[in-house]
Amino acid sequence: MQDIIENIVSTVGASQQRGQVADYIPQLGRVDINHFAISVATCDGQLFSGGDAQTPFSIQSISKVFTLTQALGKLGDGLWRHVGREPSGDPFNSIVQLEHEQGKPRNPFINAGAIAVADALLSGCQPKEMLAELLRFVRNLANDDSVFIDEAVAKSELATGDRNASLAHFMAGFRHLRHPVDSVLGAYFHQCAIAMTTQQLAQAGLFLAGDGLNPITQSRVVPSRRARRINSLMMMCGHYDGSGEFAYRVGLPGKSGVGGGILAIAPGKASIAVWSPGLDPIGNSKLGTEALEALMQRTGWSVFV
Amino acid sequence: MQDIIENIVSTVGASQQRGQVADYIPQLGRVDINHFAISVATCDGQLFSGGDAQTPFSIQSISKVFTLTQALGKLGDGLWRHVGREPSGDPFNSIVQLEHEQGKPRNPFINAGAIAVADALLSGCQPKEMLAELLRFVRNLANDDSVFIDEAVAKSELATGDRNASLAHFMAGFRHLRHPVDSVLGAYFHQCAIAMTTQQLAQAGLFLAGDGLNPITQSRVVPSRRARRINSLMMMCGHYDGSGEFAYRVGLPGKSGVGGGILAIAPGKASIAVWSPGLDPIGNSKLGTEALEALMQRTGWSVFV
Amino acid sequence: MQDIIENIVSTVGASQQRGQVADYIPQLGRVDINHFAISVATCDGQLFSGGDAQTPFSIQSISKVFTLTQALGKLGDGLWRHVGREPSGDPFNSIVQLEHEQGKPRNPFINAGAIAVADALLSGCQPKEMLAELLRFVRNLANDDSVFIDEAVAKSELATGDRNASLAHFMAGFRHLRHPVDSVLGAYFHQCAIAMTTQQLAQAGLFLAGDGLNPITQSRVVPSRRARRINSLMMMCGHYDGSGEFAYRVGLPGKSGVGGGILAIAPGKASIAVWSPGLDPIGNSKLGTEALEALMQRTGWSVFV
Amino acid sequence: MQDIIENIVSTVGASQQRGQVADYIPQLGRVDINHFAISVATCDGQLFSGGDAQTPFSIQSISKVFTLTQALGKLGDGLWRHVGREPSGDPFNSIVQLEHEQGKPRNPFINAGAIAVADALLSGCQPKEMLAELLRFVRNLANDDSVFIDEAVAKSELATGDRNASLAHFMAGFRHLRHPVDSVLGAYFHQCAIAMTTQQLAQAGLFLAGDGLNPITQSRVVPSRRARRINSLMMMCGHYDGSGEFAYRVGLPGKSGVGGGILAIAPGKASIAVWSPGLDPIGNSKLGTEALEALMQRTGWSVFV
């Protein structure tokens, strides 16, 4: 495995065609496009890494996996009153679907859906408490207390988050949010600003490879059935309107973020995190996807075999 | 396994809430809603069945799996110039997406996409030859020469197929079809009229459970990589805008037809065919889905574990 | 008036930027882009013309004014069960709106709406009879029996009319057509192939300038109220998604055709026909619109004064 | 004329089927549905009124006519870089069109368009100054200094204006607003809260009936050409996706507001204001429209004659 990873770092990681760094969030626009990292945490307790695997990056939308997990714990199936679970066929920040379906987002991984999930998590607590609990949860999963929220990124999102503000106000107009728009957006922008290394992220995803059980500590994070369902949502909706392409090429449940990270789950085998800041036109990490494709070809870990 | 199947037949198969039989194709509207069948063909060569597993039914859109397989064999990746591979987020017969994307269908499993695939299969042959070859291919896969095309159903579709004619003409208007609309529709309506039993259908799908290899005859139907890709397309797009729901509940690649059949693939384990003519509001077999859900809960065959 | 017209012919008519001739109907694509004609028939019985005012051209969608007039005579307000009367905000051949509103076209001047009107006119008669009656009606209005249907153009449309066939089948799929799609399309393509000169067309429109009364013969064509309503529909929907622009620049009810003709009505004053085959990107005659704009500036005939 | 008006008050104004008062703005929801008023200011200087013509009501979207007039004075044709001039075919608060056309509203009379106009008016001044100037302009037009901004209504809109906030943030996300969203919305909500009587409103609209010239004071408000263009926009877009219906039934340029008011212009003849708080399903005053229809039938003032 270490050989495979090093080979990927020296080939895929050295590619000249690295995509474009997201620049609509100024803080993200400053990240060096040459970063590249990959970490594989296996269900039998090993951790393999290559590249900048100890450099924290902004996980952005990958955080939606963790808030979804928390919200399902808090509300159970009641969550599905607030958000659907179908692929949207639209870009991550599209509002067209919201109008056609009267303010109910299609799934928890498009921005509108994640905002609805954040709203659900705010029930009975203040934004600060909700964020503290989220951070505690992610640190626990990663087994590493150095995971942090990058305030500079959070502020940068707040300052330029008009599209998300539009989505939130739109849902509020349909009475689909129960907390003030500003609170929900504040929570959402901070969750997106969680910074992690690929090592931390790969470990944090292990419970999804372990059918809900952390295979190392043997502690149960979520019931088996819920783990499968989260995986299914990652498969169907984890890459916006590039989800079909990712399933076709990689064949694993995965969730991308505009920071250039991707978390992919090989059920029963491993949790994989990659990072390369340059994005493809749809907004998914270009080299990150290629790295996962290469990894899958050499390991045969596709769920479709 | 036989116990599980018989239990499913006596519980799910006996449910009072059976959905609605599709009535827009008159011949389908006449089918008895009380039919129920399930067959499981395992990779180690066993075949288990329950219910009306020897009664042929109209496989309808499940035929799209077979034409896609043939078209990929004929055109390779060239097929993707004609059709995409993203979930559509729209009903099976929607035309809105076609206009927004200038006549190129989102994926091969919505009607427009399957019509484009039929058009591709017509290259260099007449509709009759293309259908003969398709039938030969499916009979081979099912290892059963009694698979047939139900002419009464094909005629019934021709007579009421305005929505599909609209899709075909729309694509033709964008020069996305290379054969006369009437020929393409004739081929398409006949492929949908293939009649099979669940026993035949389960066996015909085995090569997708066997990574492209028929696990019984050990003959290779498609390369390994192509089998995985077809499975990924079935997972992402096989149930129209209910694909997310099916992945969430069943966790297997699957393709449904309005005749009430579903073909599901448990990679490395089995190919499963179910049939119950009553549909849910989205157009997928209501009890068929429930039967697969029950089977998965008892076997743990979800790809997400 | 003759001075104004000659000035327009020598300035606007000589412009180098003439737009693009519609080429999706082969026969139309062959028309010389340098044609230019304008005719003004006034309510006090005078007829002024300039340019190629005696050369017949394909009136195409302008025919929708005449079929709408006939259909309102035949069905009265019952026609509005088949077609709406709102601007569509979409291109002339868009199908998106049809799906959102379940097969009912927005207005009688987009293609789908005109097809629905043709279907209504077929009640109780064969396509040939319907076309004969339409031709009789237009000849009568134009007071000229040389108006004819150009069979070569009609055939050319039939051969390339996939987009319209798509619209017709789509409506048929929603049971919004009561006659066979082929009959309706045959009638529609023939009505679009009516050939007239601007002299004939200006005279044929006079009843709409005369509040339903032909001001020369003093014979009543339609009741006063219906004439106003047809004018309102021409104003609101006569130029597809360029209707707002035409109202803004010209300020008169008008109907354009892809043959490059426009019929405009100055209520109480005159009926005006222009022809220049080059179209703007929306599909309306480029120089035709400019000629009408120039005419309005010099006559002050806008309805908004 | 006074007879006609009194007859309308006693028939239309007494109707039992009065529509629904808009309740999404709480302050508007409290208005008595039984109010009914009509005022006609003629170009020869007379003023006829009936019903509650001296009771101020919230003009809401009718204010868009006045801000458009001001913005055209300030920016000239430069305004059309910020907003289009086509009917939208969508409800007043739809966001779908905005996404399809990348943040540029279709016309100045849908909410998004009016927000863009308010943004344009904020150039070089503070919201307070912009509102003071607007109020001065409307008082001048109405020749009555008692026109005021109802702060309770403005606050009520601010508190419930999520849908408009969504539109504004959406445009800001496309960099189509040049001022802070909160400032623009503050200005917009206050302009909508202008309160006027039908007497004041009819007089304020007279310059549009007088081709830009106030026919009583003979002072020029806008150039002739601009008056015609504003009238054309009112005709094409003044009643949202009920504009076609209004043109068909009334035949005059008009602008409605959810407060139940309508301003209609009979060019060369009169400016008419009606008020009845109950709305039809599209959001236009039900009895207000009927009153105008009755008035037009008796006066023959349609522009289509």
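Labels A, B, C and D are assigned to the chains in the order they are written; within every chain, residues are numbered from 1.
Keep this in mind: a residue touches a chain if its C-beta (ideal position, glycine included) is under 8 Å from a C-beta of that chain, and two chains touch if they have at least 3 such contacts.
For clarity, every value in this text was computed on a predicted model and none was experimentally measured.
Higher C-beta contact count, A-D or A-B?
Pair with the higher count of C-beta contacts: A-B.
Measuring from the mean C-alpha position of chain A to the mean C-alpha position of chain C, what distance in angstrom results?
The answer is 55 Å.
What is the distance in Å between the mean C-alpha positions of chain A and chain B?
32
Can you work out the whole-Å distance between the CA centroids of chain A and chain D?
Chain centres of chain A and chain D, defined by C-alpha means, are spaced 46 Å apart.
Among the residues of chain A, pick out those that touch two or more other chains and give their numbers.
Residues: none.
For the protein chains shown, what form does their contact graph take: line, ring, star, complete or other?
ring
State which pairs of chains touch, listing all of them.
A-B, A-D, B-C, C-D
Could you pull out which chain C residues touch chain B in their complex?
Residue list for chain C touching chain B: 94-96, 98-100, 162-163, 165-170, 172-173, 181.
Quick check on the complex: what are the chain A residues that touch chain B?
Against chain B, chain A makes touches at 84-90, 97, 106-107, 211, 224, 227-229, 231-233, 235-237, 241-245, 247-248, 251, 253, 267-268, 302-305.
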